[in-house]
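So that we are looking at the same thing, I have put the structure below in structure tokens.
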Amino acid sequence: MTGHFNASELLAVIAARQLRDDTTVFAGVGVPLLAAALAKRRHAPRLTMVIEGGIIGPQIAPGRLPVSTNEMRAGHRATMLPGITDAFLFAQRGFVDVGFMGGAQIDQYGNINTSVLGADYWRPKVRLPGTGGANDIASLCREVIIVTAHEKRRFVERVDFVTSPSWLRGDGSRKAAGLLFGGVSRVVTTLGILGFDPESKRMRIEATHPGVSTDALRQNTGFPLLEAPRIEITEPPSDEELEMLRALDPERRFLG
Amino acid sequence: MGDPRLNPAEYDFIAARRRTEAKTKSAAEKLTSLEDAVGRVKDGNQIGVGGCLFSRTPLALMREILRQRRRGLTLARNLTCNEGELFMAAGAASRVMTAWMSIGLPWGVSKILRHYVETGAVALEEWSHLALGLRFRAGAMGVPFLPALTMLGSDLVGVGGLKTVQDPYTGETLAAVPALFPDVALLHVHRADRFGNCQIDGYPHMDADIARAATTVLVSTEEIISDEETRRSPDRTVVPGFVVDALVRVPFGSFPHECYGLYEADYDHFAEYCAAIDARGPAAVGEYLERYVYGPPTWSDYLDLFGGERMALQAKRAKELTG
Amino acid sequence: MTGHFNASELLAVIAARQLRDDTTVFAGVGVPLLAAALAKRRHAPRLTMVIEGGIIGPQIAPGRLPVSTNEMRAGHRATMLPGITDAFLFAQRGFVDVGFMGGAQIDQYGNINTSVLGADYWRPKVRLPGTGGANDIASLCREVIIVTAHEKRRFVERVDFVTSPSWLRGDGSRKAAGLLFGGVSRVVTTLGILGFDPESKRMRIEATHPGVSTDALRQNTGFPLLEAPRIEITEPPSDEELEMLRALDPERRFLG
Amino acid sequence: MGDPRLNPAEYDFIAARRRTEAKTKSAAEKLTSLEDAVGRVKDGNQIGVGGCLFSRTPLALMREILRQRRRGLTLARNLTCNEGELFMAAGAASRVMTAWMSIGLPWGVSKILRHYVETGAVALEEWSHLALGLRFRAGAMGVPFLPALTMLGSDLVGVGGLKTVQDPYTGETLAAVPALFPDVALLHVHRADRFGNCQIDGYPHMDADIARAATTVLVSTEEIISDEETRRSPDRTVVPGFVVDALVRVPFGSFPHECYGLYEADYDHFAEYCAAIDARGPAAVGEYLERYVYGPPTWSDYLDLFGGERMALQAKRAKELTG
């Protein structure tokens, strides 16, 4: 990692690259939305963003980034405002190619916890805000990409509570639970890109960012990581990417 | 499955229909005062709250509920903002049914949420965003459940007592999201005629479903329009008058939350509110209740605390974003 | 029956009287809609009409009566246009007090056939237009009132096909079929008003129009009619009622 | 139960979802010609038809299907008007799924309906109005069925093969209305931008559900608007561009049926059409097909048969009714 960009910028740029043109993406506010907006401006002009506030096709106004999925800023210059329930139903019907989300706690099967820390749901050690639309995005999109800082306390062997299901306990348990579609394909972190072993559905290293060793990834992960047959090294963010990204958030509300 | 917190009365579509059948469904005038409208709310009621997070929250109606000192309420709202904190701190709500609660990313995890839930004072029943939306929609449709492909496999299943259903055609197993028939719906809308026909601009959120699912429907509106105006744009009406029990004209009725196209949410106010909590803990919400809820006798007095200049600025910002 | 009004006018006036103020009515086009419009003008100003085309609160324009439930004339000066499916869902939720409908063939339990004559549905002797919204109105409204000419060929012991269910075969068979609400309360005809025995749910005479004997009713009915404990004689249409009604249909499109 | 006419492919939500997943969901331009758009329709397809009865019928698209001589089609439409008669008489449709078919009360029971169904040439599968609406809605939601309280107890149950489902919460038995995932949806709308974002005035009918339920979506529009105009009123959009496969600009694209606010249905034309059938039987429809469908090469040539004066009159009448 060079000194020309910070962790949030790296995350946003690498995440943006995951999106293809002529697709739809369900994006949460913060870095996921920034990444989607960057992809649309840079290489995917025919990408359509869907936001859980019930918004389709917004054009985020630089300098007025939304802090919630349900405010005027999120729907700025949208092409459709179908309402919250219907926005998710588009995903349930198969119209959303990629779900783009963050996560507080993530386990080796890609399951996410944003609900409670501690063993007793009703009297938790720490009450977190909750799922919002994350559970639905994880359940319903064709493919889910998680975007998150890579910290040992986030990457835990077993989450205290499965808020948003990915591969559950591996071995077909997702499908057995009635989740017939989708699942997490990649986890884009500040250290690299993780994927899942096609059989066991356990997390594996697929790429590292420049200057990051696989050992560094392991040291920052609370469970053993598998390795893909070939581990790539990501291209660092280009000046063009960083310039476009920074123009979207001149107040550095999410880029820090 | 079958957690005791999933109350059979919530999804009893037969009883809910009987209550609606027994209601007068009239095209009569519905205009009244906040005090009179909110007088219909009883201790222990389950309340479906319109808008979402800090958008179109029916704050004037909710403030009046706090002023009337209701207790033991359940609030059901997909994303719960600081209005939920006020209800917790006032001792008005003992249960909150939601998919997410806090003000918004920049203000971090709600310390008030943490305080009341971690101590067990308030039960927070978490459903996925879509599942709670479908609970209202099932209620609006008059059926006890809707099939869905969400929430399955997660630990949320056990929290709310979600059951499954087998599709009789393909044999597949789907989530059976139970209906929710709130006792009361609270909505804030852009405009309504005096007969209660309501129109909303911008985000529809879930207001139309919540209104149809509830037994009693209370609406505040930015503006009262003529019957003629409703009839000129009937395709803009989202709640018909016969569903509405009481209607109150309350300009800026969601402030400091937003109303699409009319005023933006007051982020600075949220920051001040959070700073006070950071400094003085949950007691700061008690002070806030005194200053903003119990103190000012009318909504107009309440708005004076913000001042016309700030409201004008938020109105200007809304125009810029949606114009 | 005097010579001052015809059969359609009689039907419309008597039907209109069945509607109370401060209620909602699901009305089909033709005489039911005329009757609802008359009630609203005359004694039920706070009545709300719902039309299956997805229309709430229209004010029918005199001289421009709709011939279908889905055209601009039906929605003239409406207060809401929720769409077809949602209009019926209001009824399913319990928001519609009265369903007002006609019928081709009706049996002693109030079941209606508007689908096929003959024994084989797929190769019928006569194919009729079908249910439209009649099945739903019969299933979902709190109470249903049928408005129809009284002819022996219409009032049959057993309909060839139950398009719109009323009491099915009596004796709780409606509820057993899963129809938990509603049912036909009255049948307003050109000869009188019929109801149903509370126990057997078989049709009975509740009122006759002036100058019509119960024998005349029986002779025009294809099955035995029971009698209510007390049989009323209806008030004939007043000049005021007729005048208001005729003003609604100056072209006499439905009044004949 | 389980009539052979209820085809499992109709409600197979898994296969339907896979088809949608495999589609390109792009914000690209969708504008094309009638010929090219309709080239996507294949023999044997099941077609969901937008509008209702003689309101917003996608007649320009349907005429082009007849001109391309498709066969073995199933038409699914809640109220079927004379467009259904044309498809029967042309030998294009072998099955019609509907709640009602004829032109309208003043023109009596359709003699063409009677002829083709009573002889067994066409299968008419009847569903209740709400049930067929819920079939499209279940499809739009991506689930295999929706629970409802309608159609139960009637003989319609056996026609379509309706099954029931037990509510897992209350134990009550409800109708399980099966989803319908048409191969193709045909819609006619008031306006769309070139990316396929569609807006409708007045009656929404079921177009939004039909579009979401179908695999391939073809739209004709009275008017093409700019991207800017869509973004000024996003709350008016009912079908998003990524759902639409092909878009064609066709002013008066429903004529002689109505388009809310723009032109009223041409009752006189219906009367002439019915008089010809009264006089010459089903053969009159063959003559009509020659004159109106196979003869005029373009939609504009077709409209010339009605003449500008009549269209202007119908436009004036629409303004009077909705202005």
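In order of appearance the chains are A, B, C and D, and numbering begins at 1 in each one.
Methods note: a residue touches a chain if its C-beta (ideal position, glycine included) is under 8 Å from a C-beta of that chain, and two chains touch if they have at least 3 such contacts.
From a predicted model like this one, the values you see are computed outputs, not experimental measurements.
Chemist: Distance from the CA centroid of chain A to that of chain B, rounded to the nearest Å?
Modeler: Using C-alpha averages as centres, the distance is 29 Å.
Chemist: CA centre of chain B versus CA centre of chain D: separation in Å?
Modeler: 37
Chemist: Give, as an integer number of Å, the spacing between the C-alpha centres of chain C and chain B.
Modeler: Those two chain centres are 39 Å apart.
Chemist: Scan chain D for residues touching two or more other chains and write them down.
Modeler: Residues 14, 141-143, 148-149, 164, 172, 174, 202-204, 234-235.
Chemist: Enumerate the residues of chain A that touch no fewer than two other chains.
Modeler: 75, 81-82, 89, 92, 180-181
Chemist: Think of each chain as a node with edges to the chains it touches; is that a line, ring, star, complete or other?
Modeler: other
Chemist: Determine which chains touch and list them pairwise.
Modeler: Going through each pair of chains, those in contact are A-B, A-D, B-C, B-D, C-D.
Chemist: Please give the residue numbers of chain B that touch chain C in the complex, ascending.
Modeler: 14, 16-21, 24-28, 140-143, 193, 195, 197, 212, 227, 230-231, 234-235, 237-238, 240-243
Chemist: Write out the stretch or stretches of chain D touching chain B in their complex.
Modeler: Those in contact with chain B are residues 8, 11-14, 141-149, 163-170, 172, 174, 176, 178, 201-204, 234-235.
Chemist: In the complex of these two chains, what residues of chain D are touching chain C?
Modeler: So the residues of chain D in touch with chain C come to 52-55, 78-79, 98-102, 104-106, 109-110, 113-114, 117-120, 123-124, 126, 128-131, 133-134, 136-137, 148-156, 158-159, 164, 172-175, 202-206, 209, 258, 260-261, 264-265, 267, 318, 321-322.
Chemist: Give every residue of chain A touching chain B within the complex, in rising order.
Modeler: It comes out as residues 29-30, 52-55, 61, 64, 67-73, 75-76, 81-85, 88-89, 92, 115, 121-133, 135-136, 139-140, 161-165, 168, 173-174, 177-181, 253.
Chemist: Can you list the chain C residues touching chain B in their complex?
Modeler: 21-24, 45-48, 56-57, 59, 75, 77-82, 89-90, 92-97, 142, 180-181
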